[in-house]
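Some structures are shown below for you to check.
Look at the two complexes coming up: subunit A is in both, with subunit B in one and subunit C in the other.
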Partner chain A sequence: MAILNPTLIAVSIGITALASIALFASIFVIRCTKKRRSHMKKRMGRHISYLLIQVLTSDEKTNSIKRLKRIIGKKENMHVSVRALATQEFINLARTVSNDHLPALQGLFLNLGLQHFNILRAEKGRLKQKLKAFEVLSKLRIITALPVIKQYVLDPNKTLRAEAIMSLMRLSYNPLFFLDNQKVTLSVWEAMKIHGMLKEMPDEKIPQFSQWLNHRQKTVVLFCLRMILHYQQKADLQLLTRLSKSKSVRVAEEAQKALILRKILVYSDPDEEDNQIDQNDYQHLNVA
Partner chain B sequence: MNLSEILEIYNGVFIFYTLFVVIVYLGLAILSRVAYRAFKSGNIYTDYSYISKSEYAPRVSVIAPAFNESVTIIENVKSLMALKYSHLEIIVVNDGSKDDTMGKLIQAFDLKLSEQKPLGKLEAKRIKGVYTSKKFSLRKLIVIDKENGGKSDALNAGINYSRSGLVACIDVDCILQPDSLLKMVKPFVLSNKTIAVGGVVRVLNDSIVDSGNIVKVRQSRNFWVRFQILEYVRAFLLGRMAWSKINGLILISGAFGVFRRDVLIACGGYDTNTVGEDMELIVRMRRYMHDKKLPYKVKYIPEPLCWTEVPPDLNTLKKQRSRWTRGTIETLLKHKDVFFKRKYGIMGMISFPFWLLFEWLAPLLEFTGIISLILLSIFGLIDWDHTLLMLGFVYVFAVFFSALTLLAEETSYFNYTNRNDIFRILAVVLLEPIVFHPLIVYYAILGNIEMIRGKKSWGEMKRTGFNSAAVGSQIELIPSE
Partner chain C sequence: MDTLLTHQKQSDKTILVCDPDFISSTLVASMIKNKLGTKCLTAPDGRAGARAVKEFNIDLIITEVYLPYLSGCAMIELIRNEINATVPILLLSSDVSIKMKENLNQTLVNAFAEKPINLDQLMTKISFLLQVNEEKLWLS
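Here is the complex of A and B:
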């Protein structure tokens, strides 16, 4: 049997053994490089973070800003992009600092010229770079980034689309303006994220969801009905009645719940004109 | 046919089997990496914090059966309470423990009897009482006290009391990552075809746990545990991901799996007559979907979401492995009509034959190989040059495959960051094919023998308790009770 040729087996052993050694060597190299890079990143990140906090909290800012500019001007240090590191520190700070410090942080971000770097990454970077750029630009309210991020709202990549939506919600005064042009299905995952984000927003930023009840995307209508229920908003009676007879079971169910809620809201408000509405309007709902 | 011709055929079969194994495992490894990369690019930069706040998230019941777990039960329930998920219900089922598991639970969580009634009708042993906490902050905790009926029975009882669309079944001795449920729920949210999701299970022994969270991942000092670390990484990182990619996964570890409750109940819940209840359930759920001609997916999350204690000594390891073998055989035999049935798709045509050949028969083939090797050498019929070369090839390939596993681990999770870990692992990799693997084959043979003898029991698993984090960098070991 040719396959039992001892030379062939010996060669196979040699090749596999060499491959194993190569694998171990690459594990070793990867481990060393990773450790060195992460050590470098940590050290530099800590330094940048210290300087940023100095600028935000102490009166003597000029020196720290100068030092920050000098560090960021280096661009790369041991294959680690210093500007990317600085961006990460800005993200970390934006996640933790109070709203009072946000304008100062934004000013510093612009002063260091990081907005151009991040807008460029949002336009031309790899997926992860784009997503990071979205986060920092939106958290620091860099309005000039709005048109760049807006172009990804209809992107076929679900992750990119979802993060673009999140960023636009942070940036725009009307957080759900993108729903007007929503041409693709709003997935439950996206809906969950939008809802989670809305919960962090002040009440005045929560839009009237009834404006999208005529939307051509059924998933958008369903989401808005649920939000109407969640935020206890009063939607148009005729529209809700029409939706409660929808062919889509889920839409019909949610519309019926919204109608019941409407009834409760109307009756609890004595000044409400709708109090005059005939009981027959709700008859088909069989409300107890 | 003379003896030399028989030997020639035997050698041929051996060679082709070896080559077949090599090709299949390499194929699975490649497929796993492709699937892993696709998973990573789809889940890059996902901020789960928004989802954990949304009431839009589907409600999940976590069911944790406990039997004589008084050593770790409080730490385990704390770990479950720390899960980041808004719509959560935690059901701990005390399966007639003989120690003070129930007493500890009542005391630690301020439990009182509740009037809660079951919603499901799965068969389970008598319920002695249902408890909820007096504290409002612990309202999501339900403790069911029942007569002993085994793990499957306890899980069925928990499913009966769950009020959620999704059910997460876990081993109570596991520590879950705080965001594990969010990650496991995602496939259900993204596709309503998803019926079950599993995740990577990693070895917890000697890692440091504080208030139900893993503070530091460490390699165990115990050599048997280290072998199992390598084995777990290999199975979860280079095996299951590939099966998930082709929708052929028939095993979601009993340590942690999330299921659609309606499908779980429709197919009759857990089988109480098998020790391989986790595999059997997935096969039955898949069969149910095929029989009803409903499209479905069984998904797998390639991230370490669940940490479990593995047997630290050979006696416990023997019991566990022989039980696993019995479980596999029971499932394969119970569903033997799935084999090569086109109706059951990938499961019937690929998954089942693979499990038969590589999980059930492989240890038997290896064992007969060793026996025949001994016999042939006694009778002086062996060609030592060929044999040693072949054995050398098998050894080198095993080392190569383990190195591939470690590379995958290094480039994905990088859990063991200690400088010396790499050398410890290297020693494990070199010794595993000649020390640990023969033992596993032996335990699998024992499992076959136990199966023939009709053994049904689980065998007890020894618990050592967790290492807890102390102040600063000092590590204080809490002695096991």
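Here is the complex of A and C:
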């Protein structure tokens, strides 16, 4: 049995105590720094949003713009990107005010030079940075960002793809032009998001969905059939008849509904040439 | 924005803005201060809002429905029943549905405004409510 040396025991206890003190001290310092940084982030974010609001609402704008330029010019403060914070505040403000005030916000965004920073983030940033850049650039109608965002429409990442689609819908004149090149399945979530965006758009921006009924992606065809029914559009009779005999049960069902809608629309319009259509075209439909 | 310049300055009034969202409350308060010149108080929750109505002489309350601690609807009922039955209330919310309008009828809420905020329309409603309240007080 080995005899324990009291000096060795004392030394080992001392070392353990010192190591644990050092460990706790470093944890404490890290936590304090994190807390200070998040507090600083919150305070600076509020300061930036206050100045942005002053520019929007006050008649005396020059002073606030100068202060904003001075803050954003610093780039970083305690490892917090001031430009990223300002971008977040622009997003929050764009969500809060109605579309009438967006041109003023857009002018301010360009004046502060944040568009280059965000286009760069959309190109080379991480996923979250890209999503935020897409949102701010599209909400503030920065048309120069269009080619950058277009690259992500066919991205394998679902979240990125959906956000890119939403952004393009906000930016582009023809909101659903990306459907022409849609090679991957249009998920239910994406379809719902697109529908949500379409609801916010004026009627004149809603496209004719029949142009995509020949699409090779069944999910796109299904989405277009549902949109035809929702917006009560009149699609090509032969195309609908062909689709109503489709192997896909859901496509066939929606096509039959669209055919019934077409019949109603044709008969309700007395000037319509299609009133002369042979009734046999609809005979295969079992309409109650 | 030019239409806002026509609003009358009413520096003797006090308006309470009750909204947990910092940007919304600051935006509305800043707009009111700059265009109407009135004193503006902000409260982040329903309890603070009700306390502010008790302690100060408030001429108009602008409130969100979704408030922490005490909801907007509960706060409005409390104010109407126990504190001040006549103060005009403007409900500013993203959810101003028909059902909500039915629940909070004219006896409780005087006007509704929707989010996202249209500052011009909101200022028109605020000016109108302040004017009506002033006329009511003058007649009584």
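Observations on the model:
Criterion: the second predicted complex is superposed on the first by the 253 of 288 C-alpha atoms of A that agree within 3 Å, B and C clash if a C-alpha of one lies under 4 Å from a C-alpha of the other, contacts with A are read in each partner's own complex, and residues count from 1 in each chain.
We adopt the following convention: contacts are C-beta pairs under 8 Å (C-beta built on N, C-alpha and C of every residue); 3 or more make two chains touch, one makes a residue touch a chain.
Fair warning: this is a prediction, and the values are worked out from it, not measured in the lab.
Once the two complexes are laid over each other on the shared chain, residue contacts for A:H39 go to neither subunit B nor subunit C. Judged by the touch definition given at the top, the superposed model places A:F24 against subunit B, while subunit C stays out of reach. Contacts of A:P6 after superposition: subunit B is touched, whereas subunit C is not reached. Once the two complexes are overlaid on the shared chain, A:K74 sits clear of subunit B and of subunit C alike. Of the two partners subunit B and subunit C, it is B that touches the larger number of subunit A residues.
When the shared chain is aligned, subunit B comes close enough to touch A:H195, but subunit C does not. Using the contact criterion defined above for the overlaid structures, shared-chain residue A:H116 touches neither subunit B nor subunit C, since it reaches no partner. Against subunit C, in their complex, subunit A makes its touches with residues 46, 49-50, 53-54, 56-59, 89, 92-93, 95-101, 104. On the subunit A side of its complex with subunit B, the touching residues are 1, 3-4, 6, 9-10, 12-13, 16-17, 19-20, 23-24, 26-28, 30-31, 34-35, 127-128, 131-132, 135, 158-159, 163, 166, 187-189, 191-193, 195-197, 199-200, 226, 230.
Within the complex, the subunit B residues that touch subunit A are 8, 11-12, 15, 19, 41-47, 49-57, 186, 189-190, 385-386, 389-390, 392-393, 396-397, 399-400, 403-404, 406-407, 410-411, 414, 417, 422, 426. Taken together, the subunit C residues at the contact with subunit A in this complex read 1, 5, 21-24, 26-27, 30-31, 34-35, 115-120.
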